[in-house]
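Structures are listed in the sections that come next.
Two complexes are shown next, each including chain A; its partner changes from chain B in the first to chain C in the second.
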Partner chain A sequence: MSSAQLEIQLIASLVAIACAIPGTFLVLRKMAMISDAISHSILPGIVVGFFITQDLNSPLLIVLAALTGVITVVLVEQIQKTGLVKEDTAIGLVFPALFSIGVIMIAKNANDVHLDVDAVLLGELAFAPFDRLLISGVDVGPKSLWIIGSILVITVALLFAFFKELKLSTFDAGLAASLGFSPVIIHYGLMTVASVTTVGAFDAVGAILVVALMITPAASAYLLTTDLKKMLFLSIFFGVFSAISGYWVAHWLDASIAGSITTILGLLFLVVYLFAPSKGLIAVMYREKQQKIEVSLLTFLLHLKNHTEENERHVNHLREHINWQKIRAKTVVDLALKNNMITIDKHIVSLTEKGDDFTSQAIDYIITNEDAQIEDMKDDFFLFRG
Partner chain B sequence: MDLLEYIELVINDYTLRTITLGTAILGAVTGMLGSFAVLRKQSLLGDAISHAALPGIALAFLLTGAKESNTLLLGALISGLIGTFWIRGIITKTHLKSDTALGLILSLFFGFGILLLTFIQKQPNANQAGLDKYLFGQAATLVESDVWLMAIVTGLCLIVLLLFWKEFKILLFDKDYANTLGFNTKTIDILITSFIVLAIVLGLQTVGVVLMSAMLLAPAAAARQWTNSLSMMVFLAALFGAFSGVFGTAISATQNNLSTGPVIVIVASVFVIFSFIFSPNRGLLFRQIRFIKNRRDLELHKTLSFMFNIAKTHENISHPHTIKILNNFQGYTKGTLKKLVDKNYVTLNGNMWSLTQEGFETASNLYNQQLKKDE
Partner chain C sequence: MSKKTAVQIDDLTVAYNYKPVLWDIDLEIPEGVLMAIVGPNGAGKSTLIKSVLGILKPIAGSVSIYGKSYEKQRSLVAYVPQKGSVDWDFPTTALDVVMMGTYGSLGWVKRPRQKEKKAALEALEQVGMLPFKNRQISQLSGGQQQRIFLARALVQDASIYFMDEPFQGVDATTEIAIINILKALRKANKTVIVVHHDLQTVPEYFDWVTFLNVKKIATGPVKDIFNDDNLTKTYGINYKVSIQK
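Then we have the complex of A and B:
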């Protein structure tokens, strides 16, 4: 591994961490699409900054671009406040307009500007190590490493300083406001950090990867945990993992690093989406099926409790009466038998004492409108789940 | 170049005519379908779909090796649909919210598309150049067959809209009611979403991935301000969309170095801003005017009611009082006093005022809602 390769991976990992932190809060605050809007609308800020300084790495560029990012957020909120359109429409109106202005500004000055829309949107991480920062003639490393490094340090410092405020205002804005934390300041603070991170990362990894690195690790982590600290650590881990493995995939395919990091992120999310223990697709579908059978079981038991006459409790009659398919009826009867809730004597089904107990309690809960309690009750009664 | 010359040029010049027609038709169809997206609160779906279409284009090219635009669009359509239904899967099956789902699909699909595009660029195949026009769009590459395709899709979309108008409408405004009436809301939902995806995919070549969402939203958002009726909104949105296309093309054709896509978006945004400000019912300008008028009326009423309370204590209601006692009172200004005189509620005599009979009666019924509201 050459030093350039190492530096690319280091930059990618730092970007991943710097994105994962604000990203977690954006996802929790249901503002994920704001990051997409910011990543596009910083273009005019970058262009204006570039016209002034003629240097893509100047700090002024970052300041101006971050300012445009904040302006986007303000504009979206102002439009939303008029009540003429909904928030998502406001976002969708603002960023393409600002992006168009940026594109037109580049196009009108195409002759004397070495700035490419592709470069802004897609970025090229592979070139990052060639742009060195020289301090009084001494090479101290790639410029982007320093830029993203300092952004990361500021982000982490802010995170530690305002963790409790952020947490509170994210989960209970009303309580935060009544305790005297200004939700507005925290909101704009977060937006500013998101803008600055987007800008700092864009020339290394491109605007789209910034969005992917902000949202995907956080969303994947959110499917695995509901603890904020664990979610932050998990998303940082996911981000760094994809950054490094994405780099090697790109190396192997000889393709865009940003693209392959995003692809790894996508695969990672797909795996989590499918297999997350309690919130993944498979777990959810399994649980839905289980609950369906258990609801059927309860219906079945209620039916038995209502009918004492023998002909109503005959196995075949039950199938006709409740109108179940053969397999479903068998599953339900088997489950009831396994849990010792019924006994079958000469094709006549009767409730056991336990089954009777279970059904009576369930009825109580249903009558008092506390259906949710039945879930807890199942743990006490069931030996086997559906 | 004046307007007539330009119109003549549009009619005679093949390229310009094709582009103008193409962008106009595109604007109309996206405006029409965009109305539904905006009202269904799926505004950002367009953004997500247009990004999600990219890997489809790249894969279609990798599989067929040809740059035939219909095959590429088919690929885009398929991957756009996959993206859309995955978004729906994430929202319904997990606790992730719609914005997260949109952002996820948007960035992941787009990143994958970029990976494929850069991979294609490294292939020893001279045919690959020009795929990136789908990123930012190049209206100049439109040919007549593309315009025909757009026209056919627009016609198809119009027919479906007219056929299923009441289903779409009821789904839009009261989904549960539609369900209870026995409409298959799932099918209608899939139908309208598929058409939105189709319209977006068609526009990719012209305005590109990034700006496509604005084409979908801006005409609809502008049209929403002028009307409360769905049919009118769809019609207006189509009109605004078509005009944005025509004006945008005209501006970019008469200037150097201006790509059509961004200009169309800017024109559409101007339509939006104009509508936000000047629409008679919802517009900000008239709202502000109404607000000021209401405040003046309120001040007038307050002054009148204050006068009434003073006059009430006297046997003769027209007993004169000095203007001075009105000072330090919130609602009172010289303007309101003059207005009261104009309305013949009050007569002025030097620096004394007195309530007239008419003014007394109005004031005593001021808070009686049954009285006609002419103030």
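Then we have the complex of A and C:
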């Protein structure tokens, strides 16, 4: 592996971490679309900054672009506040307007420079190692690495300092306000971090991938954990994993690095979405099927409990009485037998003591919705996991 | 009665987009009462609480807690928001939510430590939710979630408690458990202010009541003012409740 390759992977990984942190909170605040808006609408900020400094890596560029990002958020909120349009419409109104201003400014004035629309959308990660940072003549590494590295240090420091405040205001803004932690300050703080990160990552991975790196790792992590800290760590892990494996996929296919990273992110989410242990599609479908069977089981047990007469409990008549198809009836009877809830004696089905207790308890739960007594049953039966 | 005034509201007017939802409210809440705020939907009950707590900015009027502004008296006040105001799918546990009640006394940046955790566990115990401390909050029933919210307020060890519909969507057992805790708070001379919907239970649960419908209709002891006349004034229609007093 050449040092350029190493540097590209390092930049991509740092970008991934820097994006995953604000991304986690954006996903939890249901503000994923705002990162899309920010990533596009900071373009005029970058262009103006570039015209002033003639340097794509100038800090002024980052400041101006971040400012445009925050202005985007303010504009969206102001339009939304009029009550005439909903938030998604407001976002759809604001960012194309700002983005197109940036595009026109580039087309009018910057045709002959590195700043072009392709680079803006997809980034130029492969060229990042060529732009070196020289400190009194000594090469200390690619400029992008230093920029995103600095942003990451600040982001992590802010996360450590204000984790409690971020968590509280994301979960319960009302309580945060009443306790004196201004949710407005935290909101704009997060928006500023998201904007600055977007600008820092922009040059490396472009406007589209920035969104993918903010939202996809967090969305995947959300399906896998019920702990905010673990969610943050998982998002970071997914981001870095996609960054590095995406780089190698691009290397083998001789394709765009940004495109490959985004593809890996998409595939990663698909896998998590399908196979996540409790929230994944397959787990949910399995659980629903189990619940269906268990409701049937309960119906069946209740029928037995309510009927003492033998003709109602004869194996061959059960199907007609409960009006079920043969296969379903068999599944249910088997399940009841397996759990020792019924006995079949000369084709007459009877409840065992356990079956009788279970039925009473379950019905009691359904009627009273009282949770305490159901706790022991929860592990055995999906029905009560609600 | 020569009780101290816990909460004093003067000429409070709150508007959303220039439409007043609370109009010129004067309200004096004495220390140590268990007070219901009743009124129809859109009467401004939640808005009143939120304005007192500085969550909403009134366009006129002032609020004082024991004679000083809310900002100076934050530590004396605890708040239980409506259960529906938060996302219960948020990745966190019951214990962690209760710990949030300690954040106010910690202030910015400082992290909760062993002392805060101990207080949170005690509050969970108080509402009978200790066995569920590590459960993810979406895995709790509606009643259990409400108890968690109550525990979060208890852990603040405040003098005044504001609660926004704490009985909404809870089962009968939880309702009794909650009201017993509220009565215990009153016994400890705490002031409890509850937005309440079930008029039938007002005389049984509360000793003080405020009728609200954009304007204040009446406020005072339940035994004196909880009558058909005030109910009719508040709810508009000719209100007849045959409530045992």
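One rule holds for everything that comes next: the second predicted complex is superposed on the first by the 364 of 386 C-alpha atoms of A that agree within 3 Å, B and C clash if a C-alpha of one lies under 4 Å from a C-alpha of the other, contacts with A are read in each partner's own complex, and residues count from 1 in each chain.
Here, a contact is a pair of C-beta atoms (placed from the backbone, for glycine too) under 8 Å apart; a residue touches a chain by one contact, two chains touch by 3 or more.
Just so you know, these numbers come straight off a predicted model, no measurement behind them.
J.: Based on the superposed arrangement around chain A, label chain B with chain C as either clash or fit.
T.: fit
J.: Pick one for A:31: touches chain B only (first), chain C only (second), both, or neither.
T.: First partner only, chain B.
J.: Give one of first, second, both or neither to describe whether A:179 is in contact with chain B, with chain C, with both, or with none.
T.: Second partner only.
J.: Rounding in steps of 10 degrees, give the angle chain B-chain A-chain C taken between C-alpha centres.
T.: 80
J.: Would you check which partner chain A:40 touches, where first means chain B only, second means chain C only, and both and neither mean what they say?
T.: Only chain B is touched by A:40; chain C is not.
J.: Tell me the contact category for A:171 with respect to chain B and chain C: first, second, both or neither.
T.: The answer is second: A:171 touches chain C but not chain B.
J.: Which partner does A:231 reach: the first (chain B), the second (chain C), both, or neither?
T.: Touch partner of A:231: chain C, not chain B.
J.: One more residue to check, A:254. First (chain B), second (chain C), both or neither?
T.: A:254 contacts chain B only, not chain C.
J.: Mind working out whether A:222 is in touch with chain B, chain C, both or neither, as first, second, both or neither?
T.: Touch status of A:222: both partners.
J.: State whether chain B or chain C is in contact with more residues of chain A in the superposed arrangement.
T.: Of chain B and chain C, B contacts more residues of chain A.
J.: State the minimum pairwise Cα distance, in Å, between chain B and chain C in the overlaid complexes.
T.: 7
J.: Do any residues of chain A touch both chain B and chain C, and if so, which are they?
T.: 30, 222.
J.: Quick one: in the complex, what on chain B touches chain A?
T.: Contact set of chain B toward chain A: 38, 41-44, 46-47, 51, 89-90, 93-97, 99-100, 102-104, 106-119, 122, 132, 135-136, 210-211, 213-214, 216-218, 221, 224-225, 257-259, 261-263, 265-266, 269, 272, 276, 282, 284.
J.: So in the complex, the part of chain A that touches chain B is made up of which residues?
T.: Residue list for chain A touching chain B: 27, 30-33, 35-36, 40, 79, 82, 84-86, 88-89, 91-93, 96-97, 99-101, 103-104, 107-108, 110, 117-118, 121-122, 208-209, 211-212, 214-216, 218-219, 222-223, 250, 253-256, 258-263, 265-266, 269, 273, 279-281, 284-285.
J.: Which chain A residues qualify as touching chain C in the complex?
T.: On the chain A side, the touching residues are 28, 30, 83, 161-165, 167-168, 170-172, 174-175, 177-181, 222, 225-228, 230-231, 368-371, 375, 385-386.
J.: Would you pull the chain C residues touching chain A in the complex into a rising list?
T.: Contact set of chain C toward chain A: 17, 50, 53-55, 71, 74, 77, 79, 81, 85-87, 90-93, 97, 100, 103-104, 106-112, 131, 136, 138-139, 141, 143-144, 152, 171, 173.
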